[in-house]
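Shared between the two complexes below is subunit A, which pairs with subunit B and subunit C, respectively.
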Partner chain A sequence: MDPVTLTKLAANVGAGLCIGFGAVGAAIGEGYTAAEANLAVSRNPKISGDLFKNMLVGQAVAESASIFALVIAILLLFVDSPGSGEIKAAALFGAGLSMGFGAIGSGLGSGFPGGKACVGISRQPAVSSRLTTNMLIGSAVSQTPAIFSMVVALMLIFMDFSTQPLQPTWAALIGAGLSTGMAAIGSGIGGGLAAGASCDSIARQPRTAGQVTTTMLVGQAVAQTPSIFGLLVSFILMFKSFPAATSVSASMALLSAGICMGFGGIGPGIGNGMTAEGAVRWVARNIEHAGDLMRTMLVGQAVAQSTAIYAMVISLVLIFVV
Partner chain B sequence: MGNLGQVHQLVVTLFGFNMVFNLEAIFMTWVVFGFLLLFGMLTTRKRDFVPRRFQIVGEMIVGQFYQLTEDALDRKGAEKYGPMICSLFLFMLLSNWLGIIPHLEEPTKDLNTPLALGLMGFVVAHYAGIKSKGFKAYAREYFQPMFFMMPLNVIGEMAKIVSISFRLFGNIMGGSIIILVVSHLTYSLLLPPLLNAFFGLFVGTIQAFVFTMLTVVYISVQIK
Partner chain C sequence: MAIEGVDLVKAAAFLGAGLSMGLGAIGPGVGEGMVAAKACEAIGKNSKEAGLLTRTMLVGQAVSESTGIYSLVVALLLLFVV
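Up next, the complex of A and B:
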């Protein structure tokens, strides 16, 4: 196959996978928001106009992950980035995978704060502006893993890798896409869980709003750690110049380094999000012990995180030792 | 677009060692220092019992972070670490906002800046831990729950530095790359100002706050 056709083929397949996977999460998240909005309207039909508005805003934010995927798919289809050949093809395919997987978690996750904010407004209409602000902050921070995936995808599309040897580089680039993309799934969902719980808690205990938002931000930040490890592995795979390899095993090691970190990040992201969810809930109910609760959350998350650290250690071993 | 991720470097050879300086990061850090000094001068000049405009802003920021530190570390800890926490936040906030001014770049876009700040927080937290618990009790914690878990506990602590600094770096650098690519594709029409407002002002503020809070909580985990 000639290089131009191969590059085009990879770009097309990458674009399809990108928006195909990217459409999964946001749709589920938006559906959840709408379902909760129905509950909210039935509880407090008098303010159905406000609830409807809040639902639409929440859904619009949840949709942004899918829009990132759409942007990358359009870039892959219509923008001619420099170069062609096997390495370019691998980079474009990796970019599609990265953004496609990366949009799942954030789209799904940022549906939670939207829904919980609707229910909260119906319960406590007096704090509706505070709830909307908290929802926007929470779902914007839940988008961070999707933004990381988008960054990796853009770098894979626009950076020039053509001077590198073909044999390990193609695997490194696909691995870089998979690492950030898959690790972002868990972190996106986890961040959303924490944000949803905070909207719930502010509606129940409006006086604790400041502390609840702080706990939510710290919890979400730690829940994002697996996707940060994924980003780290991707950066190493993209920026390290690998010596030309004769056998295919070196390439496979790099590809599996990406897969290892990607899968390894899913569970810890969701788990850390659950921890943050619990902490946020109980900070609102027991504000006097907010400091203790935050410490317990952080220690618990550090333990839940250790599996992501195992995955990172193994992928670094695969990159630097094997 | 080909120069995505390229850095201007000055390499000085001294006694056979290559010392590498990232010129943009250093220069932009000086710009941030300048702004911070200016802000500090404006807030503390002509202090009065009835505060003026700048004094109010300064008192609000310092008071807020003092309160946050006190919540996590008690009064004594707040007196000790409050000033550091407050200046950490102000430095990062201005660093993250610097990118919205044309021709200036965020110093936090260079990995070295977040890494230095993360290392500083790490050293301070562990120093505080050793000082409050004593070295023996501090060292014993690494052998929990079983003695053979020691290497993994150490790696877990190291991973904290990686995660805290890469969180800031990834967000700021990611934002600037997205702004660069979108500006290039749309010929700098319509979208870039909105993206600058989102990534520069909004994400920059949140990430500076998250970094600061995590540093506080890391210290409080070590002390208690």
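Up next, the complex of A and C:
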């Protein structure tokens, strides 16, 4: 197959996967927000205007993940980035995978705070501005994994890898896309769980709002780490120059490094988010022991993080040792 | 480029190592997170027993960690022994 056709083929397949996967998370997340908003309106129909407004703002933030995916898909389809050939094809395909998978978690996760904020406003209209602010902070943090994926996708599209040897660079570039993209799924969902619980808690115990938001942010920050590990592995795969290889195994090691960190980030991201959700909920109910709860949350998250660290170690061994 | 049998086996071992550790990390991550969430709930309900609850949480997490460690061991075996 001639290089131009091959590059075009990879760009088209990448664009399809990018917006195909990228649409999954945001659609579910926004559906959740709308479902909770219905519940909220039935509970307190008098403020349905406020609830409607809050629902739309929450959904708009959740939508941004899939808008990133749409932007990358359009770039893949219509922008002629320099170069063509097998390496370029691998880079464009990797970019599509990165953004496609990367939008799932953030879109899904950002739906939780939107929905819980609507229910919270129906329960406590007096703190509605505080709830909307908290919702926006929480869902903005949940979007960061999607932003990491977009950064990796843009780098894969626009950087020039043509001076690198085909073996094993093609595998490194697809691995780079998978690593950040899949690791972002867990962090996005996890961050959303913590943000949802905090909106719920502020509505139930408005006087604890400050402490609840702080606990949410600390919990979310820890839940983001698996996607940061994924970003780190992607950067190593993109920027390290690999010697030309004559064997399949050298390529497969780099592809496997990306797959390992990508899958490995999903579980710890969700688990850390669940822990933060539990801690946030009980900080609101038992504010006197907020310190104990924060400490337990951090210890629990650190242990849940360990498997992501194992995955990163195996990825680094695959890149640097074997 | 000719693909030889030994090279193919090594390539499969590397791919297997990545899949082993990657997929194996999902379960313990979620499971340990659930344990920690319930530990926070329990400390919120009965904060006098925070020490006991933290200990129970850590032991429970250590047990659910074991499958993650199996994955790590199998990945290292695939990388360096097989």
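Criterion: the second predicted complex is superposed on the first by the 322 of 322 C-alpha atoms of A that agree within 3 Å, B and C clash if a C-alpha of one lies under 4 Å from a C-alpha of the other, contacts with A are read in each partner's own complex, and residues count from 1 in each chain.
The working rule: a residue touches a chain if its C-beta (ideal position, glycine included) is under 8 Å from a C-beta of that chain, and two chains touch if they have at least 3 such contacts.
If you're wondering where the values come from, they're calculated on a predicted model, not measured in any experiment.
Partner contacting the larger number of subunit A residues, of subunit B and subunit C: C.
In the superposition on chain A, contact of A:Leu316 is made with neither subunit B nor subunit C. Legend: residue contacts after superposition of the two complexes on their common chain; A:Leu77 is shown touching neither subunit B nor subunit C. Within the superposed three-chain model, A:Ala304 lies in touch with subunit C and out of touch with subunit B [touch as defined at top].
When the two structures are aligned on the shared chain, A:Val13 is found in touch with neither subunit B nor subunit C. Of the two partner chains placed around the shared chain by superposition, neither subunit B nor subunit C is touched by A:Ala34. After overlaying the two complexes on the shared chain, residue contacts for A:Gln224 are found with subunit B alone; subunit C is out of touch.
Overlap of the subunit B and subunit C interfaces on subunit A comprises residues 299, 305-306, 310, 313. Within the complex formed with subunit A, the subunit B residues making contact are 1-2, 4-5, 68, 71-73, 152, 155-156, 159-160, 162-163, 166-167, 170-171, 173-175, 177-178, 181, 185, 198, 202-203, 206, 209-210, 213-214, 217-218, 220-221, 224. Across the interface of their complex, subunit A is touched by residues 1, 3, 7-8, 10-15, 17-19, 21-41, 43-45, 47, 50, 53-54, 57-58, 61-62, 65, 68-69, 71-72, 75-76, 79-80 of subunit C.
Within the complex formed with subunit C, the residues of subunit A that make contact are 167, 186, 190, 226, 246-249, 251-253, 255-275, 277-279, 281-283, 285-286, 288-289, 292-293, 296-297, 299-301, 303-308, 310-311, 313-315, 317-318, 321-322. Residues 75, 79, 81-82, 137, 140-141, 144, 147-148, 150-151, 154-155, 158-160, 211, 214, 217-218, 221-222, 224-225, 228-229, 231-232, 239, 290-291, 294-295, 298-299, 302, 305-306, 309-310, 312-313 of subunit A are the ones touching subunit B in the complex.
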